[in-house]
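Scrolling down, you'll hit the structures one after another.
In the two complexes that follow, chain A is the common piece, with chain B as its partner first and chain C second.
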Partner chain A sequence: MDALQFLTWVRGPGLDIAVGIFVLGVLWRLIEIYTLGRKPDLAEARHAAGASGWHTVFRRSLPPPGMMKRSPVSYIGGYIFHVGLAIIVFLFAPHILLITNLTGLSWPGLPSQFVDLVTVVTMAAMIVVLVDRINKPAKRFLSTFEDWFTWAVTFLPVLTGWMAVQHLLLPYTLMLAIHILTVEILLIVLPFTKLFHAFTLIGSRWYNGRVNGQRGVPV
Partner chain B sequence: MQGSLIDSLARQGITRRAFLKYCAMLASMMALPPSAGRAMAEAMATARRPSVIWLPFQECTGCTESITRSHSPSIEGMIFDLISLDYQETLMAAAGHQAEEALHATMKSNHGKYLLIVDGSIPLGMNGAYSCIAGRSNVDLLKETASGAAAIVAMGSCASYGGIPKANPNPTGAVSVSDLVKDKPIVNIPGCPPIPVVMTGVLAHYLTFGALPELDAKGRPKAFFGETIHDRCYRRPFYDQGKFAKTFDDEGARRGWCLFELGCKGPVTYNACATVKWNGGTSWPVESGHGCLGCSEPDFWDGGSFYKALSMPADPLKLGGAAAVAGAAAGVAVSVANRVKKGAAKASHEKATLADLEK
Partner chain C sequence: MSASLEKGIHALKEVIDAPIASYFNSCVHCGLCAEACLFYLETGDPKYTPIHKLEPLRRVYEQEYTLLGRLKKWTGLSKPVTDDELDQWQELVYDSCTMCGRCSLVCPVGNDIVYMVRKLREGMAVSGHVPDGIKGAAKRTVEIGGPMGLKWPAVANVIKKAEEATGLTIPVDQAGADYLVLLSSMEIVNFPEYLEALAKIFNKAGITFTLASDAFEATNAGIQIGNSDLARVIVSRIVDAAERLKVNNVLSPECGHAYMAVRWEGPNLIGRPYSFKVVHVLELLDELRQKGVLKVKDKFKEKLILHDPCQIVRRGGVLNAPEPLVQMVAENYIPVADKQMWNWCCGGGGGASAIHTEEAEALRAKAFGIKKRQIEDAGVKTMVTFCANCRIVMEEAIDHYEMDTQLLGLTELLAEHLED
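Presenting the complex of A and B:
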């Protein structure tokens, strides 16, 4: 199999399989989680300002008092790479083209040079966050294989995509194929690891906020 | 009809100067040092014209059309006439038994020395019955002819990689020359059709140095297939600026912007179209406003739509519906299992009384 046959495979059957597993996994996990059910809470609901599901959805995106000082790398690094990933995935012209082709939706992209800069910053932030995880004994102790693995499958598509655009190391054909392959690995892994927070984040925050709101505790 | 090339050229009114210029052009095109042009001229002028057998298999004759109608009458065309082309069904006057006799006579008298050119793929299905010449299958003919060849030139994408006949679902079981012949030097000149000057360049190299030129991993001469269409494309600056034609008749298309979004396969296609061009340097597909199809790459026909950008997937939602159903089913099944487990736990729950605790 040469580079172009490899690219043809990752664009064709490979992507079919990856998207198939992704759709299957996402539906499976969402249905499984949301049909678990809870016993009805018979206690009378209390009311306190700010204690509700929607408040919590937004509040949990902001660091609690004092935490920014205690753990600046987690917060700042976390913000940077999450925003960076969103820009790369949703505002890079070739990616928009892909979404347009799939869904018919289209929106204006950012200049490639700007996305390029964002990519470098995102990769730097991800590396800093990783180094922090290795350096801090508590974080390292709490880290399992899944943490290292999900970091890698998130980082690789960014790195390979950037290298393909910049014509680094390998010929464009091969690098583009590797980039698409790493995205496929990410798609397959996402529903079955902690990366699934992309789908459950808002729901679980809302649920926690709702439960706490019932008890009158704005958390 | 043997004899040295320079005599034949002189008879046809080609001056020595024109011939030297042509050799220098070929040498520079193949990125050989300047001295190679002279060496080429000397070798070609004195060379006895090598015997060439051209076998057409599962093909459309487009390769022959491309070579013979290149920019006639040109020196290239004449050199092509002036190799001793002893068997070429389309071009030869003889037919039937006479043609077969010519083939066998050539193979006998030039055993081990003749150059074999093949265009078209070789069908293996139904014991090769899909394509026969004089009652014999292509695979038979190829094996017999190849055994006495000094080298083999696979002309066009079909002979090089199987081409369109090999496209999914490959009804005839078509394969390339290199799939069948393993013990002879083979040079692939892919393209649908291939560029005439690449053909003459390889022939000139063979005449001069007695060997095939340096090949890449896909068996193509590096001199012509060393760079992608995209990297040598005159529209490349627009790609770098992010200026793309969105349709074939929009403002961008009229201004000659990059055709990437219209499905151009230039970034992954290695060929010399962008530099050598076609029809005597008149134009080439991208210059005429259409993206590259990638015809000189293996399996280009199966690479998804010609009009989808390279960054777009071929058909990613093919399994989407089935996957959604399977995912929903899995979710419901796990959910039911969870509820059964919960129900069983509830049912087997025993209430502890104070008396139990005091035991």
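Presenting the complex of A and C:
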């Protein structure tokens, strides 16, 4: 198999398999989690401003009082790489083109040079949060194989995509094929690892806000 | 697998619901919950990271309720939870967790960690992995009536003394009263002035009240140990008495987890809403303050800070009543930086104060460091609180560190300065 055949495969059958596993995996996991249900709270509710599931869904995106000072790397590094990833995935013109081909939806992208810059900053932020995971006792203590693995699985598509655009190390065709392959690995891994927080985070925040909102506490 | 372990695992399977599944799937091991836990912050030991305290529950969830986890269990890749492991976790689930709930406030993915600790305790309790101190308190509450083994004659004695001191009648088992007054054992033994204060305030406000001779104890060791069956038995006494006496309200005492038990867990334990309201004493006092019934003749002059008990404020939702009451009675109230729902725990809630092993006591003293700094930074010699358990725990710590700090109960302080 030469580079072009490799690229053809990852663009065709490879992508179909990955997207298929991703979509079915996400659906399966969501059903597995949320059909467990919960018991209604029979205690008489206390109503308070800002105490509800949806309030917490949004409020929890900001650092709670005092927390930024205690763990600045988690917050600043976390914001940068999450926003960076979103910009790269959804606002880089070639990615939009791919989504348009798959779904028919289309929107304007950002200049390629700007996305380049965002990519470098995102990778730097990811390396910083990785170092923080090694340095901070609580983070290091909690870390398992899955934490290092999911970091790598998230980092590789960014790195290979950037290298392909910059024409670094390998010929463009081969690097692009590797980039797409790493994205497919990410798609397959996401529903079955902690990366699934991308989907459950809203539910988790909502439940927390709802349970405490019943008591009139805006968490 | 031992019979008790089997029961424990079964109990854990029973408590796992969609929120817990969502929480475990959302955790990214960021460790930020550690930064909200006084046991981690004061010891620096990462094993006290809140989410780690839930590891046995997480494993049961993964092995029983996820496809991949079942596969891992079946192929032997994931080990079942053992008695040894639960034994090891006992310290993490009881000694070093006061269910203060501060971790649930900071988790960036929104996990309600304390909700899960409460559920994990169900399995720990059933499988017998509970500290002896808490076990004893629960046994005394079920068999005798209260965690300290107090019986009605002791309460009757306190009532008699309060009647003599105030010159007022304190009704017992009187049907149709506005309020059924509950007490906590610690108040009966250590702070009998609470009842005097209450009698005076009720008299002044023209509110009728009663005590029930078969339901005077508000605390609920079943909640602390984490056993819903026990908790149901204990809370039912109060519900039965309130319904028999046809009172409109049940008045929860200052005690923190008693409020949690009777106000929030109670209806869910008995499986139906109450026919009466549950009011925390500070909610009632603040209402009387707003109506102008509660007036002070003079103010407490010394500088003081307020300690907000977790189960009443952060977890119970009595957020806005305490501060105005303190401001009404204290001339030099100094607000601390982390106040109201952000306050730091005394270090002995959730049953921890009933554990009397050397290690547990040393850990509590250490965890008090954060409160100690609050007191020292504010430069005060007085701290006001409204939970008998917080008060005892902090008095012990203050003795331990030989600090020159006095603790006052808020209701008592108010009563002392009320207009006659």
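As a convention for this text, the second predicted complex is superposed on the first by the 219 of 219 C-alpha atoms of A that agree within 3 Å, B and C clash if a C-alpha of one lies under 4 Å from a C-alpha of the other, contacts with A are read in each partner's own complex, and residues count from 1 in each chain.
What we mean here is this: contacts are C-beta pairs under 8 Å (C-beta built on N, C-alpha and C of every residue); 3 or more make two chains touch, one makes a residue touch a chain.
Note that the coordinates shown come from a computational prediction; the quantities given were computed from them, not determined experimentally.
Asker: Assess the superposed three-chain arrangement around chain A: do chain B and chain C clash, or do they fit?
Answerer: Result for chain B and chain C: fit.
Asker: Which of the two partners, first being chain B and second being chain C, lies in contact with A:Leu142: first, second, both, or neither?
Answerer: second
Asker: Have a look at where A:Arg205 lands relative to chain B and chain C in the superposition and call it first, second, both or neither.
Answerer: In the superposition, A:Arg205 touches chain C alone.
Asker: Where does A:Ala152 make contact in the superposed view: on chain B (first), on chain C (second), on both, or on neither?
Answerer: Neither partner.
Asker: Name the contact category of A:Lys194: first (chain B only), second (chain C only), both, or neither.
Answerer: In the superposition, A:Lys194 contacts chain C only.
Asker: Return the chain, chain B or chain C, that is in touch with more residues of chain A.
Answerer: In the superposed model, C touches more residues of chain A.
Asker: Figure out whether A:Val73 sits in contact with chain B (first) or chain C (second), or with both, or with neither.
Answerer: Touch partners of A:Val73: none, neither chain B nor chain C.
Asker: In the overlay, answer first, second, both or neither for which of chain B and chain C A:Ile127 touches.
Answerer: neither
Asker: Hey, in the superposed model, what angle do you get at chain A between chain B and chain C, Cα centres, nearest 10 degrees?
Answerer: After fitting both complexes on chain A, the angle is 160 degrees.
Asker: Would you sort A:Ile21 into first (chain B), second (chain C), both or neither based on which partner it touches?
Answerer: Only chain B; A:Ile21 stays clear of chain C.
Asker: Per the contact definition in the header, classify A:Thr35: touching chain B only (first), chain C only (second), both, or neither.
Answerer: The answer is both, since A:Thr35 touches chain B and chain C.
Asker: In whole Å, what is the nearest CA distance you get between chain B and chain C after the fit?
Answerer: 6
Asker: Which chain A residues lie in the overlap of the chain B contact set and the chain C contact set?
Answerer: Common interface on chain A, chain B vs chain C: 28-29, 32, 35-37.
Asker: Chain A touches which residues of chain B in the complex?
Answerer: Of all residues in chain B, those touching chain A are 217-218, 228, 230, 242, 261, 267-268, 294, 297-299, 302-304, 308-320, 322-324, 326-328, 330-332, 334-335, 338-339.
Asker: For the complex, which residues does chain A have touching chain B?
Answerer: It is residues 2-5, 7-8, 11-12, 15-17, 19-32, 35-37, 93-95, 97-98, 101-102, 111-112, 172-173, 176 of chain A that touch chain B.
Asker: Within their complex, state which residues of chain A touch chain C.
Answerer: For this pair, the touching residues of chain A are 28-29, 32-39, 41-44, 46, 48, 56-57, 60, 64-67, 70-71, 74, 78, 136-144, 147, 192, 194, 196-197, 200-201, 203-209, 211-212, 214-217, 219.
Asker: Which positions of chain C touch chain A when the two form their complex?
Answerer: Spelled out, the residues of chain C in touch with chain A are 16-23, 25-32, 34-36, 40, 44, 46-47, 49, 51-52, 65-68, 104-112, 115, 263-268, 271-274, 277, 314-317, 319, 337-338, 341-342.
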